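Presented sequentially are two complexes of subunit A, the first with subunit B as partner and the second with subunit C.
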Partner chain A sequence: MTAGVPTTADDAVTTDGAVDTPVLSVTSLVKTFGRFTAVDDVSFELMPGASLGIVGESGSGKTTTARILAGLEQPTSGTVTLDGEVVEGHSRRARLRHARRIQMIFQDPYGSFDPRQTIAQSIAEPLRLHAPGSRKEHRARVGELLDQVGLSGRAGESLPRDLSGGQRQRAAIARALGIAPRVLVLDEAVAALDVSIQAQILTLLDELRRETGISYVFVSHDLAVVRYITDTAIVMRHGRVVERGETERILRSPQHPYTRLLLDSIPSPGWDLDRVAQDRRALDLR
Partner chain B sequence: MTLTIPALRARSAKRRRRRPFTVSLAVAFLILVAVTGLLAPVLAPHPPDATSLLNSLLPPGTEGHWLGTDSTGRDVLSRIMYGARLSLLAPLGVVLLSGVLGIAVGLLAARAGGWADAVISRGMDIVFAFPSLLLAMLVVAVSGPGLTAPICALAVSYTPFVGRVVRSVAIQEGARPYMESYRVMGFGELWVTLRHLLPNVMPVLIAQSTLAFGYALVDLASLSYLGLGVRPPDADWGSMISQARSAILQGEPWSGLLPGLVVLLTVVSVNVLGEHLGGSIGRKQSEGA
Partner chain C sequence: MLAKKTLARREAPGGGAGDRRDALRISELSLAVGTGERAIPLLAGVTVRVGRGETVGLVGESGSGKSLTARTALGMLPRGARATGGVTVSDVDVLAAGRRELRELRRTRVSMIFQDPRASINPVRRIGDYLTEGLRARGVPARAAAERALDLLDQVGIRDPGGAVRRFPHEFSGGMLQRVVIAGALSTEPELLLADEPTTALDVTTQAEVVGLLKEMQRAHGTGMLFVTHDLDLAAAVCDRVYVMYAGRIVEEAASASLFGAPAHPYTRALLEASPSVHGDKVEIRAIRGRPRALAESPSGCSFRDRCPLAGDECAETVPDHRPHGTSLVACLRPEQVTP
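Right, the complex of A and B next:
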């Protein structure tokens, strides 16, 4: 941990009050695409059962960070440590081990399913890969998982296109939970949903975290969502972390002008668009 | 937005998806031809190779020979029935072979990308630019007449016809987010390609292969017409037309025109079906996107 975030005490409380080692720690992560630096020296830690928000606008590097965590991109430099083990190598076994520890929920729940498979088939497939067992055991487990995310058996027999956005996102969560990862990366996981459905999914995520002790890395541009679902947060801008700390504290008394700008950008009574634009110009000049 | 629009689209698509009359007609004709070929020994009124010089070049409508006889007195109807076997089986072989090759080459190009894709794609362009009939004739010139060699040659020259479509659909489908979600879940590239990419490519492949079937049928009939395909006494439609050449010159065109008509109707039917399959896939994909 480099830039002094008070993670330890607060986060550890959520898991039996014991002080644990972090389940995920990211050190000096850098990712460049050609001459463009998408992620620039990002470090953070995540305790078991904790929830960390990565906040920023589009282009801030938050999604690239999430994709590195999920193993979809290789960092240019820096390390990702999961469960005390540095993530490296592309071998079949390394990829499987990685998948068992960390899973990802995408923004577009429709696109993240094979359109030809029923939801139950899609949930069963990673089970067969990661938890060998009989067909009957898998079917029972799929039933449990559907139940856990509040989907009916009938939804399980449906094709992705026959479900609503919220149901699909529940299904995507069930599929990820089937692998029983320690960490779940949620990349704008509720951004495509209606506000009322968003609330349901967020409540579900909150319950699941309390029940299973899973940790979240919640990537979002939506500060209200981040406030609800995370304990600590980092604010990213142009690939760098500009502010970090407890989510409540950041949102109540932001230290960095960019965080203040993000907060001011939310429409509210007395909202002054000109002032926001002015602040943004001032920030870009810094 | 994802909640409402697909539902609306699905409903309007269902209304559109009624099968046009021409397609039903085409399918019915193809089934008729296939069944006739299959049951030729039962259905045919005469043996296909029974000659009778007294009854040569009878016009259609003659009692006992409803479609007439050819210059050696063989029953044209019976020969068309028996000829359906080779005329349909040989293009089927071409389509199956080129389908397998096309899948392999197309998927490899799509998944490998980069220079491998460039090499494979240019290779397919070259084969595609080479006339299939010419390639088949070259192969026959080397190997002698018979069906195996031209089937293989045509399969190779139709591979780009299938492979290019497989490649482009596989690239399009491979860019869908679910491919990444399977990677995150720890599935290997091969598994994702065969279990998830291929089935989603299959409908396009079937449509394209149907069209290839029509082209292959014409090519093989042409080869037989040139005396390079089926060898007597076996008959297919192309060789029947070929053997009717002298009769046509004598002003008795029936024994050549009738098999020609059957070839024409079969190919038109196959094309109607292929176009329909291709079209309905296009609709389905625009719904899913």
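Right, the complex of A and C next:
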């Protein structure tokens, strides 16, 4: 799997900027659970420093796709290529190697921290695992990371339960960034946060991408958030990609009836519920 | 009585003083738990009015007290809470009501729907039982109640109502179950419907359907609705009028149509600027520094002042009164700097 291999016929996501090789490329990914196909022939590429949105509702297969990327699920077929290398096997060594390059952030950071460890200890753990160095060096790095995501040293000494949702999400980002992965997979990472806190995390993610050149795969049901944080996007429904392209283009001129339904379903002043019903009929007719 | 009169005057921008019998009238409601030094205030001076057949939004972030406010309409106060002020639901003084009166109120006049339909429906009883329960309690004969249940399911767009009444909650998807809950809530023809984040747990496209249904049902039954949500866009799309809450207080009241174009409170404006949008040109979002606060941990004077870009020394002195600005009623000393 090399760069520039078109993933599908209407491949607009990846072909520009062909000088670079993609940091992540996914080809014909399929995941079945028994007779149920959760992910059905999904392909896309992600350039270094780029941000790709995966948009969909529950049951669209977006989270399963994200979990395969992060190595938490094994695909039934298809390949994930990371940094030019096909991801294979799940021995401890292979998993560590994978984790060094791709990290994942979840919706509820509370579930991803050890409740008995301080935030600083949790952030130091992947460093100990992946980055050789003295305890002192690690401590210094943790301080840097806390600073980078806007957490105080005092927050670092706290237990997860003593922090607010927004602070915990910052801590999760700090922990993921510690080992300088190439790709961050964010699964509904701001969905549970209050609007004002969500904006803080979004602007932080934006800054980090510009400063570090990290790439994002941003999984979300929220088109407004996806618009803010991504350059390109795929829209998934029932495990399949129904639309792909530049995020702005998708929003301005959606081609697939499902994308239109999604867009018209977003409440706004003068919300037209009849149009939503029309979209639904158009989709059912297909 | 006197307090009520001043209230009616204050509410002028919100579409007139309304009829004598509003669906809900919360006036100068304050709520605290504990006593003396250790008392924790939860709500302060909250005034909310829902006219008959009107849809009113209550918008705020976590800890703002929006759910707490809605629940007082059912007489559901936190354990050990003391309330001052008034809560009236179609002539019933809720705060003074005894247990029997409250039960009667909940049975016939007010219904509530919650975010997660699965949490408010008995998982081991059939849908038919759920729908007829309220009707039977009102004295409707069994057969008439059963027929009414079928009719209600049909109204909320459930296919095959006859089969649905025999099914259990787990056999329905979240969106379908929320429809059943809406059918149940409206089965007793209440005067007031309290909807607490009724679509937050649903998919975007399902949300649109459920909101459409809710509006349609409400229109058909003439029910007043208090719509509690964290989503400003949703509130503006659904409601006639919106109250914005912050740290246990109402900071702004406005007609939804004008709230977006001309927010009068710095908090409302900040919320709008912090929300990314799919409409129009792509604009930068602006984060609000700090985090939302509860009343007990908010600063003196204006609760928002520690996060407000416009705050000055005088904002610390007293809690600003509500005063008209544009089409809003706003608790801010300098709304003219928010929207000239």
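Definition applied: the second predicted complex is superposed on the first by the 260 of 286 C-alpha atoms of A that agree within 3 Å, B and C clash if a C-alpha of one lies under 4 Å from a C-alpha of the other, contacts with A are read in each partner's own complex, and residues count from 1 in each chain.
Note that in this section a residue touches a chain if its C-beta (ideal position, glycine included) is under 8 Å from a C-beta of that chain, and two chains touch if they have at least 3 such contacts.
Quantities reported herein were computed from a predicted structural model and do not represent experimental measurements.
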item: First, second, both or neither for A:Ala199, with subunit B first and subunit C second; value: second
item: First, second, both or neither for A:Ser265, with subunit B first and subunit C second; value: second
item: First, second, both or neither for A:Ser164, with subunit B first and subunit C second; value: both
item: Subunit B versus subunit C as contact partner of A:Ala277, first or second or both or neither; value: second
item: Touched partner set for A:Val235, first subunit B, second subunit C, both or neither; value: neither
item: Partner chain(s) touched by A:Gly111 [first = subunit B, second = subunit C, both, neither]; value: first
item: Touched partner set for A:Glu57, first subunit B, second subunit C, both or neither; value: second
item: Subunit B versus subunit C as contact partner of A:Leu177, first or second or both or neither; value: neither
item: Contacts on subunit A seen with subunit B and repeated with subunit C across the two complexes; value: 164, 194
item: Subunit C - residues contacting subunit A, complex; value: 61-62, 203-209, 211-212, 215, 230-234, 236-238, 256-257, 260, 270-271, 274-279, 282, 285-289, 291-292, 307
item: Residue numbers on subunit A that touch subunit B, as the complex places them; value: 70-72, 92, 95-96, 98-100, 103-104, 106, 108, 110-116, 125-126, 129-130, 161, 164-165, 172, 175, 179, 192, 194
item: Of all residues in subunit B, those that touch subunit A in their complex; value: 2-3, 6, 10, 176-178, 180-181, 183-188, 196, 199-200, 288
item: Interface residues, subunit A side, partner subunit C - complex; value: 57-58, 164, 166, 194-200, 202-203, 221-225, 227-228, 248, 251, 261-271, 273, 276-277, 280
